[in-house]
């Protein structure tokens, strides 16, 4: 929640947001599964102007060995921004922000994957942000779920993701970059619709207790919407083309 | 020996120093043993305005393995300054100065500890400078000795420590920060009073051969004073409270 | 090919270059083998104003172990510039340029050495640029070959080295620093005269196809000249003094 | 902290069995934090400082105040940076070297909780717009580790900032010049309080200690401000929360937060 | 990519046997590059961008244009920097962390080929001499790795630069001020094309794929410009070339280069 | 240098037995340094340089002189920085990569000995007070390692500085402008000489070679100036010294130091 410039009109008199959406509308989301040749599973997501590649390698041996767990497979995650993905060129070395986001995405996916049958192995999730426009962690998490399914990793449910937030004292769905910069709150969420579990949740910005509840509800609604698109992406790959 | 500003009066006509001490007087030193819950041994020292925590872990396994010695336990030492310990905020990454001081403190303690009976293990000494005011390496060394004793590490003797120096052409005991900045010489010393061995000695600044001898003598005298306080700290923990 | 300042006269009306050489003339090259006490083999080269030490250690155990090859010995190479070797003091940490040059020199020497009989070992080549004046990679490569021979490493041939280039629209031999800065092309070459194989080749700058062929020919000619000096250095060590 | 799956599992069973009976290993109620004591001005040479002891977890925070050149797009505001380091004296498992992901997360969550609350009025920390602003660095050194570093660091930094003073500067030709020995109050607007809760099975417990931390299913840290509003949140751990659990956690964070806020206020009074 | 000497040797024998009969494993002619498709403007928020697919190798290049302070000795020229990263999604063997020697070489060879060709007229990128110049950064992210990253990155960066636009700046009191929404053409002088060839036994093959890359004896990358001149060259690999092979390679690089140049031109037309 | 305890112990016994009879392994007297030869101007492109050979230990030192912005609190003085690197050509045990504690100590002890002696009159190296000063960098590259790098680096750097010249600068509008080809003398006030001694059992030996270095109990490096005063000292090694030993070492450092000072003077005469 950077600037909070009060001059930007984030919600007009007709309830339309700066990019024309209503308060409960996500940006346009398209997902394609199986876009990479070498990876064991992959997905490409466009979430508004966000463009993100997710690739999965594993289950495979862990290096260094002492990180492996004799009782179960483990998950690793790298969230990384390409230098050209943001306004000012990003230094390619991982920032502290990228380290933290890698960790929260990993922890959002751990409740979903079932790795007991792959002891001493690792499943690596690599997320590359090619273009960023607010909400990259949610978009990356949604892509990662599809890529894990594409890789055939056993899962209890897919994790879906979408942010809620607050602009102009109104709770809205799917905060874009401009709303994040000038708005009042941003609450990214990861959610397993079948298990009704929130597995990623963060918040920056001020909410009353009532607004907080509303944000969580709105976020869950957004996740349910994105979930349908995730399922469609897998159906398109596995049934329209008939392979596997 | 940085500035050597000739305008600072480091010794007045009555033989009093800028902080009111006589030439043979140390700053106020207080030591408390056993201040940390998790460490195997610990000590907190206030040496003038210096505030330092010492913690000991070990004897314990060495990682990486190839550093271990099959014939004896080894000692490791980290001297580290908290970012808020000095006037201008210190970068938390270890400086070359901290690397060198860690090494000389380790070598000052090696003659004291008896680790033959703990082959392939390490005793780790961690020294955290919470507030610095000149003479941190001596204060840290004195605290480390008490913490090693508190951890039950077998020792030939405790290493005590105090600096001698020269201001206004006079040899003095226990150089403080102002005297170090504006004075003529600083000679930090570590000393085992029972074995009469000097195990840490450094010098910055110009001394005649006679002044050099005087400095060593004065330093030994200071170490003997600090030694009494070190012993008192251990007595207070182990006899006044009666534990162990 | 940095500046390409057109005002510098790199070739005068008599065909003389800025340092008085003709177009087909190398700078003065002197090589001395066996200059270091501890290294298994060594050489010191002065190639014009370049001054370079080459030292060899090995065949010896590889650390870390996983880099070793059970079928053959391997080669490693470090090309490094001393801080005082160039006009503006160089940061001692290896630059990306040094990393690349280390790699191309290693690959230039690999066709020459025979390491099958030393499985699981490494031969380390360390090249220290004490003074640089253009053409350091060729000079370092020539010195490395002599040092390898001095270390008794079995070789198919020595690799010789010299650069060709283009100044004032003319193909020349052995580009010096001034010619590199103000000239039109620089083509460093490594060559095994007996096997007639080019094992190092790089090019910066614009050449027509004809000039390209001419450059390769001129470079080979230069390498042949340097080869004689390399052989002489070994002869001087092993026959004039009669040791080994 | 290392893992030993058999011991961990036994400990987990013991803790869960107790929780099912309504009890915690150390006798606390589910929504009860450990004893919190805060001493301020423990590093007198820093512009602000505090030691927070939360049970057997202990943190020293020091505040340094310096003139900084602002970032191009925020030249009308001062700077605030909170960091955290787990000192190797704090626990046998601590490794020296660059911070790993858990320490990076710790520092960023502590920083965000204080920053997003608007605790300090950043607009009042400008010396020369776009050229020189006051930078406030609050560095946390963890000296003893018995779980829940998030809250312990947050309380230490908050108290250190509350106890801090800003050196006075005069502006001469657009350059700030220090006025020796004079200070102004740090412009405080609210007191943020983070409350960290662990989910263990279906139970939510406040301020998990080290044993609870090792075996919990998931955790959540919610920071509230003096108005009782929520200003920052971070979910962690390898499992999730239901909607109902999240609502319950928000209520706990407000009620426990207001108690903690009183302790912080009293500990820093008179500064 | 890891090594397994027995498998490698069998694969090498198979490839060499085929080459001796005049065939390549994937059916290409010796001087035939793989299918090359280039899409531009794939990262609309960057000032230029392209995705290049060379067989199953895929690279995304993005161009960022920024005002930079020039180096002391080149204050009369803009700056151009090309980089390369092999993303861990690209191949199971990729390791994260600082780039090793092969990646450093990749980035430097791509950079040199474009820089030495004089593709961009650097003299036209000066805003305020010695004080402010245009810096062009072309960063390559390799997303799928099936060999010959040199050419794939080179084509992606070249196309991204060809598709790029330079934001307009007005100079006020020697300081460049961005004019929002206005752009000028990037000053292009020539189109460099790199052609990488592998020597396997006595055969020279163009655009080696991953299988060929693993078992080749030596490689050479030759970059030519629109005039058909040679502007950069890099030999690699653990063996050498004869004079005759080098001459042959230069001829191949010119003829194959001119075909590739047409593909790049057509892919970037209309930008 | 690695450790092999059995061999080390045998070597130690041999050396100690000899010392007890009054002899050293290489025939030297206890207070005798190894042969010292110094060549200056070995790196003509540097502003000063020297190669020092102390027995079979060899160091090349080069001096670079550059205009630097001074630190805020020392704007009335030039800068002097001495560094040291042990090149991997110098010994089979040398590892490349960031310097470990022994190399950091080496560089800092060499630096302190020269700096604390006041060898260079730093007040004479100011170009524009608080804005631009002369910075002198003396970098030591150890090329062959047979023990006692402290003294070999110190002698090389001292000789390199004695042989150095300072480029001349004219000040125009508070900016220093280089006057090509003109130099001034480096303002020398004294010649510091470090003398390193090892304690082996109860014996003190000067200038320990590699064998003695490996098995010594403790060491001490004492630097004296031209007046015969002591200006810097560093104790090292895993044991200590008695008061009487320290006094003896100071006397040796003065007498041996004055001999070494003559060798350095003669080697650098005419520079």
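When the chains are written out, they are named A, B, C, D, E and F in that same order, and each has its own residue count from 1.
We take it that a contact is a pair of C-beta atoms (placed from the backbone, for glycine too) under 8 Å apart; a residue touches a chain by one contact, two chains touch by 3 or more.
Quick caveat: nothing in here was measured; it's all calculated off a predicted structure.
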Quiz item: Counting one step per pair of touching chains, how few steps separate subunit B from subunit F?
Solution: 1
Quiz prompt | Shared interface partners, meaning chains that touch subunit B and subunit D | solution = none
Practice problem: Indicate the lowest number of steps between subunit B and subunit E, counting one step per move to a touching chain. | Solution: 3
Self-check item: Matching chain pair for B-F (criterion: over half of the contact pairs shared, by residue number), options B-D, A-E or C-E
Solution: C-E
Quiz item: Which chain's mean C-alpha position is the greatest distance from subunit B's?
Solution: E
Quiz item: What chain is the most remote from subunit A, judged by the mean position of CA atoms in each chain?
Solution: F
Quiz prompt | Geometric centre distance via CA averages, subunit C-subunit A, whole Å | solution = 52
Self-check item: Whole-Å gap between the CA centroids of subunit C and subunit D
Solution: 58
Self-check item: Centre-of-Cα separation between subunit D and subunit A, whole angstrom
Solution: 27
Self-check item: Inter-chain centre distance, subunit E versus subunit F - centres from mean C-alpha coordinates, in Å
Solution: 48
Exercise. Quick one: label the inter-chain contact graph as line, ring, star, complete or other.
Key: ring
Quiz item: Since the chains close into one ring, what order do they take if you set off from subunit A toward subunit E?
Solution: A, E, C, F, B, D
Quiz prompt | In the complex with subunit A, residue positions of subunit D that touch it | solution = 3, 5, 73-74, 101-102, 104-105, 107-108, 112, 116-118, 220, 225, 228-243, 246-247, 250-251, 254
Quiz item: In their shared complex, at which residues does subunit B touch subunit D?
Solution: 36-39, 42, 49, 51, 53-55, 57, 60, 78, 80, 82-89, 92, 124, 126, 128, 130-131, 133
Quiz item: For the complex, which residues does subunit D have touching subunit B?
Solution: 42-46, 49, 56, 58, 60-64, 66, 83, 85, 87-92, 96, 137, 139, 141, 143-146
Self-check item: subunit C to subunit E touching residues, read off their complex
Solution: 1-3, 69, 71, 96-97, 99-100, 102-104, 107-108, 110-111, 187, 192, 195-209, 212-213, 216-217, 220
